Amino acid sequence: MIVVMDKDSGDDEIAQVVKRLEAAGLKGHLSKGVERTVIGVVGVATGLPELRESLALMPGVENVVPISKPYKLSSREFKAEDTVIEVGGVSIGGDQVVVMAGPCAVESEEQVMSTARAVKAAGASVLRGGAFKPSTSPYSFRGLGEEGLKILAHAKAETGLPLVTEVLTPGDVELVARYADILQVGARNMQNFILLDEVGKAGKPVLLKRGMSATIQEWLLAVEYVLSQGNRQVVLCERGIRTFETHTRNTLDVSAVPSIQKLSHLPIIADPSHGTGRWELVTPMALASVAAGAHGLLIEVHPTPDTALKDGAQSLTFAHFDELMARLAPVAAAVGRRLALKGA
Amino acid sequence: MIVVMDKDSGDDEIAQVVKRLEAAGLKGHLSKGVERTVIGVVGVATGLPELRESLALMPGVENVVPISKPYKLSSREFKAEDTVIEVGGVSIGGDQVVVMAGPCAVESEEQVMSTARAVKAAGASVLRGGAFKPSTSPYSFRGLGEEGLKILAHAKAETGLPLVTEVLTPGDVELVARYADILQVGARNMQNFILLDEVGKAGKPVLLKRGMSATIQEWLLAVEYVLSQGNRQVVLCERGIRTFETHTRNTLDVSAVPSIQKLSHLPIIADPSHGTGRWELVTPMALASVAAGAHGLLIEVHPTPDTALKDGAQSLTFAHFDELMARLAPVAAAVGRRLALKGA
Amino acid sequence: MIVVMDKDSGDDEIAQVVKRLEAAGLKGHLSKGVERTVIGVVGVATGLPELRESLALMPGVENVVPISKPYKLSSREFKAEDTVIEVGGVSIGGDQVVVMAGPCAVESEEQVMSTARAVKAAGASVLRGGAFKPSTSPYSFRGLGEEGLKILAHAKAETGLPLVTEVLTPGDVELVARYADILQVGARNMQNFILLDEVGKAGKPVLLKRGMSATIQEWLLAVEYVLSQGNRQVVLCERGIRTFETHTRNTLDVSAVPSIQKLSHLPIIADPSHGTGRWELVTPMALASVAAGAHGLLIEVHPTPDTALKDGAQSLTFAHFDELMARLAPVAAAVGRRLALKGA
Amino acid sequence: MIVVMDKDSGDDEIAQVVKRLEAAGLKGHLSKGVERTVIGVVGVATGLPELRESLALMPGVENVVPISKPYKLSSREFKAEDTVIEVGGVSIGGDQVVVMAGPCAVESEEQVMSTARAVKAAGASVLRGGAFKPSTSPYSFRGLGEEGLKILAHAKAETGLPLVTEVLTPGDVELVARYADILQVGARNMQNFILLDEVGKAGKPVLLKRGMSATIQEWLLAVEYVLSQGNRQVVLCERGIRTFETHTRNTLDVSAVPSIQKLSHLPIIADPSHGTGRWELVTPMALASVAAGAHGLLIEVHPTPDTALKDGAQSLTFAHFDELMARLAPVAAAVGRRLALKGA
């Protein structure tokens, strides 16, 4: 942390800042420049946002510049080697590309079973599907609840595919964790801190989607909530950010993939379905994400997208998903990766 | 809802769309143009997003344009006259400007009591203060919990000011509702739908902040969650949206005030403290919000902002708050409003 | 400027940075912390962006933090007192609120004359109107060119109102400057640096609109182009920034008004017509802007907005403009300002 | 175009709208719904934005929804097959991936010559480099001007690589066109319409970068300016859009690549150097762009990025560029493309 003094700050104001730092157990190193003085802060407590705001308000202080990153357990500096998460025979975070596929929302036994079989046959290694659905409008479909979880369990039993499914609220964590192999926290809940605490205690891997207007730093701080509860198994998922562009539902920030890999040791996957909102863009953006280094993909697949209760416009048919997987394999190979194969 | 067909769509594709509409209990009116055919959809179910997505995927369809607004109970079309909410002797939504003021976070009995007295003396009519605090980092202060609520209750008992305080999670709604006169749902929870359901059932007025990347339509849909539980007492609060600008913490969207007043019958207030993140901008933006028609303000005040545990940089001192109130009265008068006076 | 070294940077890397600074005529002050070393840079050349980028690439350097503001002539530090610009008997930047009103585009002699008379009668003190129009589509109206300027000159001759009108390209600066009292540079040209150079040389006051995705710092740097040509008469105009919100055409950043006033000595006005894109929001946002401290307003007025060739949806009728002015006077008074009166 | 009437609009208001349409040579088809009437507009003039705004202001009209796309010559509907542009023996827009590489700014003969040789050896097929540089600050380097163009011409003569270089202002188009094989229009000038007119007349291929806050539709309308002057050789270049994220300089919108390919017949390339602002992200984002279908790349390469006068932080060294090209070839092959080879 560095304290930048006003051009016309006086010696007493500088002395007050130094005194304040010392009261917090820190030291201040002065650099007197031609135009102004800056004070380098030295000590272990320098990351505290409260102290930073407080210093910024002292007389003679122009602003305070943070130097240390505020996240710790998720950072590369804390752990240099990649974290690899094992779930149901699948490794996420290594040299495999893990494709998680299935319907946006669980609608019926038949819909889920046929989709699970189709995506497994095409090479997916995790089954996705939502039993509890966040919906912008209270008048839209909100999911089948536990009945939906049971349908997913049935599909898992038949296909052997591990399950990723969303949990919306702390009170449901225990229930969802009984069925899910990976607990998904959605974009709208990225800063639902009580929920993050709870999934941090649940002892299951967590897939944490980026909030639609979250910076990379805020996202890693949300991860930090889970990690600081003792759960070190977090997969990040880029799912598009909100911008001014209206052609796509969101703007998939593909550069978040290599950025996260530089800043953190945790695996990162991409969701081109929500990231674009248009099925015809899903395959090119899936290829792009893997070329940029993504450890996996989250893809919406539906037997009949035009009758889907949710997100039909961004869901692939079985045939389109087959085509995606066929085109994905050579791209993965071109960047030194291979598709994960369940049971292989 | 209007279905726009491709330029080269055929009669059979048009017929399929009409058939699909009829299956949903609707009718389609054809308009054959020089370039393309459009189908006007008539009937009561036309607002369903699922049907819209599904139509958009049919062969020959270029896109589907929604016409009706998806929110209902919150709309001016549903209720033409302004909703006025009475809470602890204060009217929100009429011709008074209601100033809600207090510390961001409850830190101590002394801090809250001195602030409550100061803001009451300056003309505030509601006391704000957080006992449960959302915090971007797990390593920051997260609030005193129920102990904080008790401190607020004490301040209410002494000053007579009703309380607005935040609830973070469904499991705390009952507890917080025992102390609060208005339940606040924060920006990060605007789409925490389970929480919205619960505050909708709690029987207390709700103050719903705009999500930091929420459109006005999404905000009104979040309101709709509360209203559809039978609770019609919702105050909206504009608190700044996320943009590319970094000089301010957020960009306070003052135009949301008159926009909401056109679209909805519910009261709307502004929070220039979070909306700017800089105390020196709070007063000008408070004046601007009231000039634009806001029914009230939410202002952070702290006895010593430079030692605040949270949001010191955007908190006013007592002296600055006095000045704000002195400058606010003539602006309110200039737009035909007057400051609400508790007990007056 | 401060150079932050990597946690594991070595003494030789630090020495290299110091050597590089000395080669640029600067000095480096070391602060060795518990976690890392930071180097405070002292000297007069510290603002150079090239040097900053170059240091950021040196081995062992984590990042480089600028301290000084990159704009100079426009800053409050350079000139503490407000700049007041006199044009055609009107003072911009003092305690008057200067209303500039007129049609978006000059369409005909009759349209301009009737509008000029109407806005003068209502209390406007500058006439606006575009003869050269930027248009998103090449198939839309692009303005009458010099014929439009002659119509504006006629209106000025009759009413005595000074003129503000846009110049689109360096080749037109001389022509437009023959007619205009204030040269307007539009949002799309805020970073048309060659045009900024030219208007800087033209010897006429310049009204520089904020680019639709320009930060406040970039805007002040664009101002700096004009000032550094020797022209110190620049009025800034906030006209809305691009955000994700679609209800309004742009989001009028009212907080830019007090922010600019803190950072710069130059006058700032607001354009609620482009800032909202909806005529019904123009008056509330005009009031908000003046309450926040704006030195003036730019308002689109048209005799018959529903037949306007450009921006009808955001233009006020004469009656609506009369109402705006009637409501504006008390708000201006409430913040210690008064409406400028041409010839008064 | 569809006119949506208010819920409570009357028959006379509907009749007025129909009359207005007929006056413009159009027809209105009524659809009377349960809640409201919509009027489908039929005829050839329906794309006019002026008429649309004007209708929106008529009594009883709620809003007006455009149906036709406002761009024409650039659309797939106008021309179904891909446009392939031949320049200096290189084909842009077919199955080759064209890599355009070189320094951001021309600094010296030696810098350009060594870079030109290095990028040619690594497989680039076009040389880039700026002689006229837009710069946010007037105090930064603005380019060598014609001297820079001569240096580029020398490099072209030796290596045989065609040149792409930026033109900033209409007055320079003729000069730059004497040296350049492709005229580049930068992001800040995407809506400099006079410049677009001029490059449209210059008879040389144009590379048009996306504005930093331009929607895809606005970008295609800017293209339309060039095409409507008779110049059909336009290459689009995605270079990152402005978002709230600060980790990267811009957010490279990779999904613009397949989106443009669906909407338009023109070639599209990506600029991961400006798109990220960080050299370490350039290679992963180059791979991503090609995997998503880009016809080419624009890459900044510099012999010694840490002494570059401009954009050093995002420039690759020769060694890093070699590595990029080595990793690019298999990705291009994986999506059925091959690297363009100059002279091959």
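The chains carry the letters A, B, C and D, assigned in the order they are written, with residues numbered from 1 in each.
Keep in mind that, in the parts below, a residue touches a chain if its C-beta (ideal position, glycine included) is under 8 Å from a C-beta of that chain, and two chains touch if they have at least 3 such contacts.
Note that this is a predicted model, so its numbers are computed, not measured.
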item	value
Third chains touching both subunit D and subunit C	A, B
A-C compared against A-D, more contacting pairs	A-D
Angle of rotation relating subunit B to subunit C [CA atoms, steps of 5 degrees]	180
Separation of mean Cα positions, subunit D and subunit A [Å, integer]	31
Inter-chain centre distance, subunit A versus subunit C - centres from mean C-alpha coordinates, in Å	38
Residues of subunit D engaged with two or more neighbouring chains	213, 242-244, 246
Topology of the chain contact graph, where touching chains are joined (line, ring, star, complete, other)	complete
Sites on subunit A touched by subunit D in the complex	213, 215-217, 241, 243-248, 251-255, 257-259, 262, 275-276, 280-281, 284-285, 287-293, 327, 330-331, 333-335
Subunit B contact footprint on subunit D (complex, rising order)	2, 4, 7, 29, 31-36, 38, 40-44, 46, 65, 67-68, 77, 242-244, 246
Touching residues on subunit C, where the partner in the complex is subunit D	47-50, 53-58, 70-72, 134-142, 168-171, 188-189, 191-195, 212-213, 218, 221, 224-225, 228, 242, 279, 305-313
